[in-house]
Structure formats: structure tokens, C-alpha cells
Amino acid sequence: MSVFIIRRLLQSLMVIVAMSLIVFFGVNVIGNPVDILINPEFDQEELERAIKALGLDLPLWQQYLVFVKNALQGDFGKSFVFGQSALKLIIQRVPATLELAFTALIMSIIIGIPLGLFAGLKPDSSVSKAIMGGSILGFSLPTFWVGIMMIMIFAVMLGVLPSTGRGQSLTIMGLEISFLTWDGLKHLLMPAINLALLKISLVIRLTRAGTREVVLQDYVKFARAKGLSTRRVILVHVLKNILIPVVTVIGLELGNLIAFSVVTETVFAWPGMGKLIIDSIQMLDRPIIVAYLMIIVFMFVTINLVVDILYSVLDPRVRLQDVKA
Amino acid sequence: MSVTSKIELIPELSAEVALEGETSLRRFVSDFTENKVAVGALMVFLAIVFVAVFASLISPQNPYDLAEIDILNGRLPPRSESMSGTTYWLGTDDQGRDMLSAIFYGLRTSLGVGAMSGFIALCIGTCIGLTAAYFGGRVDSLIMRLVDLQLSFPAILIALMLLAVLGKGVEKIIIALIAVQWAYYARTVRGSALVERSKDYIEAAHCLAFSNRRIVFRHLMPNVLPPLIVVGTVQVAHAILLESTLSFLGIGLPVTEPSLGLLIANGFEYMLSGKYWISFFPGVALLITVVSINLVGDQLRDVLNPRLRR
Amino acid sequence: MSVPLIELKDVTKRFVKTLDLAEKIANLLGAHIREEVVQAVDRVNLRIGIGEVLGLVGESGCGKSTIGRIVAGTLSHSDGTVLYRGREVARMSPAEGKQVALKVQMIFQDPLASLNPRMRVRDIIGEAPRVHGLVAASEIEDYLDEIMLRVGLDPSYKRRYPHQFSGGQRQRIGIARALAVQPEFIVCDEAVAALDVSIQAQVLNVFMKLREELELTYLFISHDIGVVEHLADRVAIMYLGRIVELAPTEDLFTRPNHPYTQALLREVPRLDTRQHAFEPIKGEIPSPLDPPSGCHFHPRCPHVFKPCREEQPKLMEIAPEWLSACYLNNGSRR
């Protein structure tokens, strides 16, 4: 167990170091750091001062150490566009993205599991086939296009939902939250469904596959033979056994949702960090790009680590496999 | 003991066995055609490839020849006629381009970028995966660390990172798509190569003193390619989708190479005034392309993986 | 004895699973994780003369296949030396090493897995002679026909794939592939174990016929002591990485010396067994990760006494050409 956690910790650390190297060299070797990190509107004197201040006259490895040292202190430089600390700008946008991602996550579970369960229990019914066909569609639909179509139908043609923005939000414990107001909820609905679409398909497929496997197991046959009601068999025996893999995958998908919110946020003009990064790339606001990449790497590594460890606690076979390999 | 008794030939037996083996290709075809939806999807996909390849011959107009388009024909709804009398079946965009022609050209760009990046990624991933599996040890664990590292991040994020550093351009998005895909191929190839490598025919090849290169490329590789077909079809669909997404976000292809994603993005701003067709039809084309590839890929996987067959 | 074709001197093979960084850190924090070492082959000495057939017998996991692979050159050994015609293989130039590698060929247990499923028979057999330039390109077809006829295959099947043949025929293809590079020595690793009994005899006959026609030397590895009886000139018995007895076949089968050999022979079903109680060797083969002290066989040996547990018995000559490693031979107790 401890070896497992140590190994995962080491791996996570290595990932962060590797990614910091990639980002650093991406900026310093592929691009010109003077262009990337220093505001192009500076004059010659300011430019030289900035080069000194950023340590760009030092050898590369020293620059990297400076970069790491600053990054550890949360200093990624100032945004060219907003003139504020890049890290601060991103962190301000995090709650909006997380709200969107979690809503989508919950939606995918609430919608996906019952549909997958149904498709798994009655694989030959036409409803199941429709569900599975829909899930293939869900994998193939371009998220951004679905978003546009949703705006067209619900905002432009029917006029029932607002097309863009976040709407009215409440501040609770320093966090801005929009799902507690009616207006905020209306704004949240479309982006969340849009983001959840792919995950709903995934959950349906996972649940269906798990159900079909579990139903054939002896203990389920036995439970039926004992005369337990179908409902009880499904709720207790089937659901319990498919939940672990489904929940793990969903946990890992949280990171994916955060990454894909880039698309949804752009379509619906949702003021999260994904919208910020796209705007920054287009406006060449490099400090924000660098900070975003490092933060997202850190988030991913943390999510993966937590899910891995939780999973190994839930399912001891994972640890054993790891020892064997 | 009759140690030196003569060895007889057994022709009847082998002829019988031969019949069973000779039909494996035919069986593959019949298994595949069992699913009518997949056959339909394959037809659709072939039609799309045809349209993409011959876009310049079958399009009603060349949408990027400024002599052929007229801004006065801009934003016409579907089935309206131009001043010169041609019918725009899918309407026109803000520049007065025939959407049907723009979609044909867009398909060419989207499929081209998807197929090219997929092919190069397949070659790179196969070589890397084979190297990892064949040499094992440190080489293997180093490569697999890298693969795991990359696969723990969503594709869109990797592409975003690269494009943020590289900038826009056809070759840049191809590089980004290759970087996103190679790891899937490498992992698939390594997995099946590890299984194959432990088989005796590889050891026999060692015994026959063949060079490592010969063993890897002549003996190992042909046996690890089949699972790649499945990964390949799915990956091309992913690549096309990812490219259109990135182009939509404005960080993919430049406006001079309009793929379907860019067409959709162009129409987005006219959406709110109800001019749906500029975004709608390119999206439908993209959807049909991706769905048909996915359906073909699904059926291929079912046919090639006997475990999933009933 | 003249210079043997193949000689192993104190050949040892260890498989080591080293600790990774995480396990080392865990050890620093107080865990006790050890490196895993498997001594698959433990100081084995063997001489195989020209034209001889040596049988190598032992239970699965005893290291006999590892020896086969070391001899065939597909696996490197950790210690000791392998000599080919009196010269050390490891010190040869790459070109010479390749020549020797071709002279030593191998036949495998699973005939199907040992043939590349995506190559036609003509390429499976013909690739090596063509690549190594043993046969001129214009003569390759005749050469293939000759080899296929020699092992009892119809040359008209040249263009077929391995899965289109029966098990016995596949093994003949494997033999033909080995013969195509004109070897002197053939390692047969359980070469008939996967075949039906009736086919086994046919394939064994092929081996014997080739031995006479081409003056081949064999190392015949088998878990079934009965298979080697009619084939081998001498038999070596292996237990957990060590050779415990080595004797001319007839002597070994009539008067087995080592208790393990005796136990193995008791398990062979025989036509003349009259109401003989079948008696398996007691206990299971111990884990090679943690072999017993002294004589590895002592936990299962019916005659075990004190020195067996303490020190490994040496392989000693108990009669001309007859070696055995057992303390029972050291005098009084018998």
C-alpha cells in the first residue's frame, strides 16, 4: 500500500517537473522569451530593465530555476492585457469553471446511469437500441456545434433560455455561485448540458457494459433464485457492483470536463478560465498562457493522484496488480 | 524400435485443414456485412471521401476564387437563386459563397488534415511502440512513462498547449494532432507487440541470427498491425473532430484554409439573427463524417475481437 | 572423449527483479521489500559430443528450458562459459558468433506459436538461407523442395500459411526451418509435448532419421522421462536449477541412483506394471524464489538425513560416465 502511494507520488512529481520543463522550453526555446514575456509596447530602456528583472541574461538552466522559484511563489508575471498578476486573474475565473464542470458531472451521472442500466437489463428492446444509438451520436457530435444549435433553438427560435453569459450570481463564502438564483440557473442549464453530453454517452456505455457483465454473474442469478424482487436485485446487487468502476472513470473525467469547458465557455461566453485562455492565446497574452498551463497540469496531477489512491483503497486488486507489474 | 521407418506424406489431412483456413478473409467480410448499419456507414464514408477528393471537380463553384463570388449574393437562405441564375441549395455565407461548395472544400481540408496527421502518428507511434516492446527494460519504461504522462491529459489540452506555443498554420495543427495521437498508437502497438514478442516464432527468428531490424519490421510488425486498424479509424474521427474544434476556437487552421470548423465559426455571429444555415450545414457534414467513421470502427472492433462476439 | 560439440562450464542464470525508486524509499521509511532473485540455472556443467543425443529431464520450472535457450544463444547467461567446439562463444567476433548461432538451432514446444502466422511456408523455411546467402537465389526453390521432402512435407504446400496445416505438419515445418540453415546441433525444447501421441512417434522418427542422414547432435529437453528413453544416449535429470544425475540412458532407466530420478521413473506408466501402487512424489516443487537449503530435493526425499539439509551434495562420478549428487553415495547409508 505505502509503496503504491509513494510510487504514485513520485510519478506525480515527475509529471509536474516534466511539464514545467516542457512549458519553460516551449516558451524559451521554441519562442523568443523577450517577445513572449515582455510587453511589446515597452521602449528600449524599459525592455532592458525588464530583461534584467526577468533574468533573461542568465544561462538557460539558471533561468529555469528562477522560473521554478517564481512559479512556486505563485508569480507567473503580469498579464499584458489586464496588467494584473496572471495567477490571480486565473484563480478569479476558477469558480465559474468548476461550477460548470461539477454541474455537468452530476448531470452525466443522473442521466447516464439510469439509461445505461435500462440498456443493460433489456439489451434487445428497441428503447435500448435507441439509447445506444444516441450514445454513439453523443461521441460523434462536435460539442461546439451542438452548443451553437442549442443557442439557435432555445435562445433564438424559442426564446426560453438566455444565449450567453453567467447571469446573476450570489457570493457565498467568497465564492461566486450562480445556480442559487433563478436567472443564474437558466444561464447555467445550456452550457452544462452541452458539456455533459459526451460524458452522458460515456456513462451510458460503462453502465450498460457493467450491468450486462454483472447480470450474468452467479451471485445475481442466485439472488434472483432466492426470490428477491427484481427491484432489489438491481438496486442492491447490480448497482453496487457497477458503481465503483463508473465512479472512478467519472472522477477521472472531471479533469477532462475542465479541459473541455474551453469549448463550451467559448460558445456560451461563460466567464471561466477556459474562455480566458482562448482570449489570451488570441491576444498573445503569454504570462496568462504559461500560468494557465502550469495550473491545469497541477490540477490534473492532483485529480489523477486522488482518484488513483481512492480507487486503490476501494479495490485492492489494483494494488496487487501494481506489485506484480 | 523402428526409428528409421519411412515418413509418409499426409495430403488428405492438410487439404481438409486448408479449406478451413482459406476462408478467413471471406469470413471477415461476411462478419462485417452482417451489420447493415455498418455497411451503410461505410458507403456514406466512401461517398464523403469521393466528394473530398474530387471537390474541385464537382463543386458548383470555386468558393475561394474571388472572380466567382459576389458579395451581393451574401447570406442568401437555402434554395435561393443568385442574380446570374444559379441555385444555392444550401444558401450562401456572408461573402456570397455557395455553402455547398464551401462544405465540399471544407471536407477536403478536414479529411486531409485528419488523415495525414493520423497516418504520420500511426507511423511514429508504431515505431516507438515496437521499440519499447522489443527492447524492454529501461527503454520501455521510459517510453511508457512518456505515453502515460501524455494520455493522462485530454487531447484538447495537449493541442491547446502546443498551439499556444507554435501559433496558427496547417503544418502546426498537423504537428499538434500528431502529438496528440501518437501515444494511442504507441500504447496499442506495445501491448500487442509484448504478446507477440513472447511467442516462439520471435525466438526462432533470433535463432536464425536475423538482425534486430529484420525481426522487428519483418516478423513482429505484420503481426501487431490488425488492432491498429481499429485504433486508426477511431483516431481519424477524433482528429477531424479535434481539428474542427480548434479551428472553431480560432487557434487552429488559418482563414485561408477553411475547414468545416472554421465555416461553423464564421456562421456563429449570424446565428443570433436567425441565419442558421451558415453554421448548420457544415456541422451536419462534420457530424455525418464522424458518425460514419465511428460506426465503421465499431463494427471493425466487434469483428476483429472475438471476445465481443456472441 | 574428443572435443565436445557443446560444453557448458559452471553456467548460471539469475533473473533479478531490482527495486525501483519507490520501493527503495519505502524501505527507508521502514518497509522490508527485498530484491527478488531466481536462480534458474545453478552452476551447470554439460558436455555434448558430436553425434550424441542428450536428454534433459525435469519438472516444469526446473530451468531446463533456460539451459536450452542459453545453448541456442537466445538467452544470455549470468556466469560461466559456453563453448562451441572448444571455443568460448561469448568471445567470438560478431561474424563468427553469427555462424555459430546458425549452427545451433531450436525446435519449440508449440508448433503454431513457433511459426510466424503471416508468412508463407516457403518464406518461413527459405528466409534464413536467402538472407544469410547460404543458397543462391536461383537454386532456392530446389533447395526448399529438398528440405521439405526430407522432413516429410509435400513441396506443393509451399505457398500455404501455417494455420492451414495440422499440428504434426507444423512441427515438420519448424524442423525444416531449422534444417534450412544447415545446423550441426538442434535443441528440442519439449518438441513433441504438444502433439497427439500418434503424431509424437512420427515426429520423433523424423528426428532420428535426420540424425542418421545429417549426423546431427541433439539436446532433447522434456518433462516426460518416457519420451527420452528411446531417443537419448545419455540423460541428465534436473531439479530446481541443478543437475542431480547424469548417466547413459540404459543405466539410468535400469538402476536410477538419485532418489529424484527414482521417483520420476516410478511415475512413468508401463505396460509391465503389475498391481503397482501409483505413488506421486510427495509435496510440491518448492518456489525457485526461496529454494530449500542443502540438497534442493531434501523436503520431498524419502531418504533425507542430516547433511542433506546443510550442504549441497556434489555431483560425483559413481560409475564410469555416471554422475549423481546424493549423500547416499558417500558410504555406509544405503
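Quick notes on this structure:
To keep things simple, chains are lettered A, B and C as they appear, and every chain counts its residues starting from 1.
Here is the rule we go by: a contact is a pair of C-beta atoms (placed from the backbone, for glycine too) under 8 Å apart; a residue touches a chain by one contact, two chains touch by 3 or more.
Keep in mind it's a predicted model, so treat the numbers as computed, not measured.
Taking the CA centroid of chain A as reference, the farthest chain centroid is that of C. Chain pairs A-C and B-C differ in how many C-beta pairs are in contact, and the one with more is B-C. One finds 25 Å separating the Cα centroids of chain A and chain B. Mean C-alpha positions place chain A and chain C at a centre distance of 56 Å. Distance between chain centres (mean CA atoms), chain B to chain C: 48 Å.
For chain C, residues touching at least two other chains: there are none.
Listed for chain B are no residues, as none touches two or more other chains.
Residues of chain B that touch chain C in their complex: 1-5, 7-11, 13-14, 17-18, 20-22, 24, 199-201, 203-210, 214, 218-219, 222-223.
Note for the complex: chain A touches chain C at residues 2-3, 6-7, 10. Residues of chain A touching chain B in their complex: 11, 14-15, 18, 22-23, 26-27, 30-31, 136-137, 139-145, 148-149, 151-152, 155-157, 163, 255-256, 259-260, 262-263, 266-267, 277-278, 281-282, 289, 293, 296-297, 300-301, 304. Interface residues of chain B, counted against chain A in their complex, comprise 145, 149, 152-154, 156-157, 160-161, 163-166, 237, 241, 244-245, 248-251, 261, 264, 267-268, 271-272, 274, 276, 279-280, 283, 286-287, 290-291, 294-295, 298.
Taken together, the chain C residues at the contact with chain A in this complex read 20-23, 25-26, 29, 31, 33.
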